[in-house]
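Each of the next two complexes has subunit A plus one other chain: subunit B in the first, subunit C in the second.
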Partner chain A sequence: MTATAHMTAPSLQQLAPTIVPKVKDGDLATAQLGALVLGAALIGGAWATGGERFYFSYLVGYMGVLGICLGALFFTMVQHITRAGWGICVRRLAENIMGALPLMALLFVPIYVGFDHLFHHWVHPDPNDHLVAGKSAWLNKNFFVARIVIYFAIWIAMAFFFRRASLQQDENGDPAVSLRLSRVAAPGLLLFALSVTFAAFDWIMSLDPHWFSTIFGLTYFAGAYMAFFAFTILMAKWLGKRGYLRGAITVEHYHDLGKLMFAFVVFWTYTNFSQYMLIWYANLPEETRWFADRAEGGWGAIGTLLVFGHFFIPFGFLMSRHVKRNGVTLSIGAILLLVVHCFDMQFLILPTAGSHEQGPAEHGAGHVANAAEAVETGIARFTHDFGTYLHGVHWADFGCFVGLFFVLVGATLWNVRRANLVPLRDPRLAEALHFQNF
Partner chain B sequence: MTAILVVDEPENPLRRAALVEGKNDFASVTNIIAGVAEKRTPKGWYLMFGCAIALLLNLGAMIGYLVFNGIGVWGNNIPVGWGWPIVNFVFWIGIGHAGTLISAILFLFRQKWRTSINRASEAMTIFAVMAAGIFPAIHVGRIWVIYWVFPLPNQMSLWPNFKSPLLWDVFAVSTYFTISALFWFVGLIPDLATFRDRAMKAGRTVAAKAYGVFAFGWHGSNRHWIHYEKAYLILAALSTPLVLSVHSIVSFDFAVSLLPGWHTTIFPPYFVAGAIFSGFGMVITLMVPARQWLGLHELITLNHLDNIAKILLLTGTMVGYAYGMEFFIAWYSGVEYEQFCFINRATGPYWWAYWIMVTCNVVSPQFFWIRSIRRNPMALFVISIFVNIGMWFERFVITVSSLNRDFMPSSWGYFSPTLIDVLTYVGSFGLFFTFFLLFCRFLPILAISEVKGVMPEANPHHGGHHGASNGGHH
Partner chain C sequence: MTNNTKWGVVAEFDSAASIYHAAEKVTHHGYTRVDAHTPFPVHGLDRALRQGPSPLGWIVVCCGATGICLAQLMMWWMNGHDYVFWVSGKTPYAWPSTIPITFECMVLLSGFGAVFGMFGLNRLPRLHHPIFRHSTIWRATDDRFFLSIEATDPKFDSRETVRFLESIGGKHVEIVEE
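What follows is the complex of A and B.
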């Protein structure tokens, strides 16, 4: 029975003739155009009103939305390497999302333009700063730019390779394609892990070149992958409303996507807790400085907001099976998580922008007599800090994220309209269509 | 190896490979697994059990000697205040991670192949955690007041330090042990009932009574199964965070300190990856011979070994990623102590330990890129031994090489273990193997009911017409 080459997979037509295989000609074109125009308008507006601050706002949005595309690439490769059967139809959506990576490379241009502002701590270092000088072998502009090219070359090549092979399988129905992709996914994931880690080091961690954390690449990935699930759930739900993917992505698949989103809410918390707790505990000034910056200027309120909004609230909310199997509640969870993902990116990036006024230190609330008083003091401090945050925040800090989000929606729709909605002849398509949770 | 009964087919994405090979049905699966415990005890078992008991007695002697003389009998001394005991503790607790990963996380991921290895791995987990627990307990010196590690109200108003990760260890490890043991036991109940019924039929009344006590009156009714499956799912969900939390907390023992080489933020996930790596290494070390000697080829197939090898490759590479990140950030940080620590690890007095660690943990699993090696039980066994060695050395490198060169060169020193250190460590294998051999002899070493659940006969659509490629519902 070595006849895999002679056998072809049954097609969607045979398995489930009622499922719409492709977007109707011209349909969704308005939505696609609308998303792109809205996105471009928001980014343009941010650029026009932001001044030098714009580059930091843009980086917030960019790292947030890039993470969604990278999550899609990761999801696709994991589906292949694990020979997963349940997620075949979701995988096509992920392939369409990661198809936006070439556009993301183009959208890196504003960061390159704002390079001197963003990375001025190491581009124009204090001449007496021997620490930064010691890192010049890594943190110099030429090597930095070379690395940008390398990262995007890896990501675009992998996204192109996996998407094209999957689309070809729609035509030829050759099961050997699935075997080949599962083999390539293994070295692909290795390259992915290294490139995403160093991209996170380069584009976020090096904003403050003094600070370092070995887990940082993992923390960025954890949040990004969670955001990918949130984005995918919303895209699939929206396409479902328009009459597509019905019967292909069912409540069973949403349930699984919800579980994975929940899992990465927890994993994000795990990595961030590990980072924060260990740095807090050892209390070494070269490490705590980074968090000290994030206790000033109102950022303490955002830290608190992340603890609740990125962990406690979604943890409690998404725990229930019913919430994950209900379209409305699952979408609410996904939207909430995308919003806190934006706050997370702000928390990582903006405190180094230095545009927040350094108010007088608010620490040392004094002796707290009891729990009720502690809560009261905590709420008072949060309200005060959040006021400071609102005073310093620019609308573009959200505008760029939302703008790039809509650009990604437009780019995804562009791909969705040109490809089949599900892998028509994937050998495990039947499994995906009949999939049920226990 | 001889007597490989299964055909090594190339993979076909159009259908799922059978998890149970050969011409087996429900009855033959029961016969194979129950047969292991019902047959006459093989001579080889007595031999191995004798060795294990001898080592266990040696462990007892070493602990007795330690309690009478104090921990000065070990090599621990300033600057290396934490020597082999902590290394052995982390080594064993790491091994105890595969069982729960297989039973909980692979269960939630619907990895049905786990059914033929989960039982023995869970048993291995429990025995490894027992071996692990000994070392910190005897390290306290005055073992007769070991209960002080628990926050018990007392007339002296003395409390353990809640800020200490060593106390968190007490909670983490004891929780882990409890949940793992419960999970293992709950899974055993239907199989113990099978053993009870077979013993009864064969007229072995004592055995039937003994199995019967632990089978809790199970008779496989619908209601029993509904409760059983609910309990199993809940225990799986409870165990999942424990897989991550226990070794994360063990890593905190090191990482909350100020010490270069210990204090680094990647430690928690790095330790978890290493624990799973070492646990799966030990699963291979135990299951390859068991599969061979007990004739389990049709239940633990080459596909199973292939999957475990892939997990070893994945986690070994993750550990390599962590080594790489530590080195890169040590340089990038610009902190001279960090830089010194890592250069010292690779080129200092313990360079040999460092390179044993890297070779065994990062290089040796890379052979698993090759399919024929993943499917060669002998090769797997050999590499798994390297993994076991490498993971012990990893803990040795972390513990000793960070301590032996203090911030002040005047207090540098070279650590050497004493004979007591070595014999205590060897003795812990006696404890582990004594229990494991008893388990192999008297209990169902594969989960009979779960293996049946992944056979095609268990599918309600079996034999009917249900789609062109009805390869099972994954």
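What follows is the complex of A and C.
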């Protein structure tokens, strides 16, 4: 007997014998395979029809879905550092989602292949471009590739560490595991914040290497974490329909997940508005050009769509506790937010696509043309811009997002089927099962 | 005592669990004008007492909406109408510049709504309450849990109600004068 044997936590079997601890052998295999095949087919179709545009479309989907995995890692660490009791059962689902990070590293390959197209502006800079030349210490291919390795090494190591320790606790029931994880979560969150910030700088912000915004990493994280909650709610609801997690993730937990999703709708707005207002106020040409690009080519309509779809509508919709405690309305909110998350990624990435040859002169011409159109206002302007957007958008800009989304669903199910559905012997499991909102 | 009208009956309980079960029995028995006084929030006690949802949320929403409107009205009047002043080429009363102040006014009035709305719903401030006449009520802020049934309850009967509270485990069951 080990020294800790006398202080093991009560198991799920003792606390709630009616909860199914593990997915039945072979169950959900069809769904897992179906999700992976559908995802692969959509990405393959996008690749076959997209041409050079495919790389940008893929980046849209990739950054959107990667954010969900990173959100899962963040959620797990926050649960540990706060020693939260309510979310023990939700945490296992998050652990299964972040278990897809090694696959996400593999799925980075198309971005590496399309490197020259995506990051054209700084890979092949204009020799007279002093701004980009000044950033060459950071924006060069060798360091860029090294950073990809570093980011994924950090994320995969942390995801592996937290998930494995949690699964081991299922076996040994040692409460000391929880204490150790809460200590590791503190430096872990610091590493996470830095790595995600720089990854967002590298993979989205450097598409337009002239532009810079120190809050950019945070704006990316805010949307990603919101998408993680939307994804988790939908996954848990779906597993609940299949008879799993019943009694483990209850209406009380959905209520809390809904509150957090609502909170990060607001936080996304807060960070994005902070970025926008400072740039608007200071009015420096090298900063405002990024937003000027997003007023042209129909992107103004997507900006408006984000203001309403990513803030006003979900803010009003998710405010009531009845909406968050009702499975159908909460799921509708989650789906809406995943759709606008895709638009958000498009808004960040696509306006820089296909503008390889566009010099400053053409930019000026674009502004003049835009001024002529500006006579229209309100709904008419929105409709006109949205028409322009639809004309320019490729189906792959949605297809890759949906495809990678289903790949993540499949990878999550792969992990869900192999691990226990809830942390069987977490010391706070009883608290989680009996949790109630005031 | 100048006036001998009864306010209600107050009973003391030992634990959160015992007051929870007592609350269930009291409401099950048909009492409606009931309340609990505990040293800390007890989960589910409001449901056991069959308390309706608080209207405070609606008060806060209305106050927040008022804050938004007042802030916009103020800035439209001052910056866009009464004293138009161009600063660094920005349109007077441009929407991005109004957001922080609108947000702050919404938070301020929502906060007022929450605090003073709670005061109003609880009929605060007041200097004294009949329940303080109960002999051990001071322990409600320490280690005891109290259940009260008011005399205005249609089922209230001074002898019957006292006996009922004693039968469900209440100690120091006392009739409290107005």
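We adopt the following convention: the second predicted complex is superposed on the first by the 409 of 438 C-alpha atoms of A that agree within 3 Å, B and C clash if a C-alpha of one lies under 4 Å from a C-alpha of the other, contacts with A are read in each partner's own complex, and residues count from 1 in each chain.
The definition used in the following text is that a residue touches a chain if its C-beta (ideal position, glycine included) is under 8 Å from a C-beta of that chain, and two chains touch if they have at least 3 such contacts.
As the structure is a prediction and not an experimental result, all values here were calculated from the model.
Three-chain overlay on subunit A, with subunit B and subunit C in a clash. Once chain A of one complex is fitted onto chain A of the other, the partner contacts of A:Gln436 extend to both subunit B and subunit C. Legend: residue contacts after superposition of the two complexes on their common chain; A:Thr271 is shown touching subunit B, with no touch to subunit C. In the superposed model, A:Tyr281 makes contact with both subunit B and subunit C. In the superposition on chain A, contact of A:Pro10 is made with subunit B only, not with subunit C.
By the document's definition of touching, of the two partners only subunit B reaches A:Ser178; subunit C does not. Shared-chain residue A:Trp238: touches no atom of subunit B or subunit C. After overlaying the two complexes on the shared chain, residue contacts for A:Phe108 are found with neither subunit B nor subunit C.
Within subunit A, the residues touched by subunit B in the first complex and by subunit C in the second are 277, 281, 436. Across the interface of their complex, subunit A is touched by residues 9-14, 110, 241, 244, 248, 252, 255-258, 263-269, 317, 321-322, 325-326, 329, 332-335, 369, 466-471, 473-474 of subunit B. Residue ranges on subunit C touching subunit A, taken from their complex, read 41, 43-44, 46, 61, 88-90, 96-97, 99-100. Of all the residues in subunit A, the ones that touch subunit B in their complex are 1-2, 4, 7, 9-10, 14-15, 83-86, 130-131, 134-135, 138, 175, 178-179, 186, 190, 193-194, 197, 201, 210, 212-218, 266, 270-271, 274-275, 277-279, 281-282, 284, 286, 427-428, 430-431, 434-436. For subunit A in complex with subunit C, the residues that touch the partner chain are 273, 276-277, 280-281, 283, 319, 436, 438.
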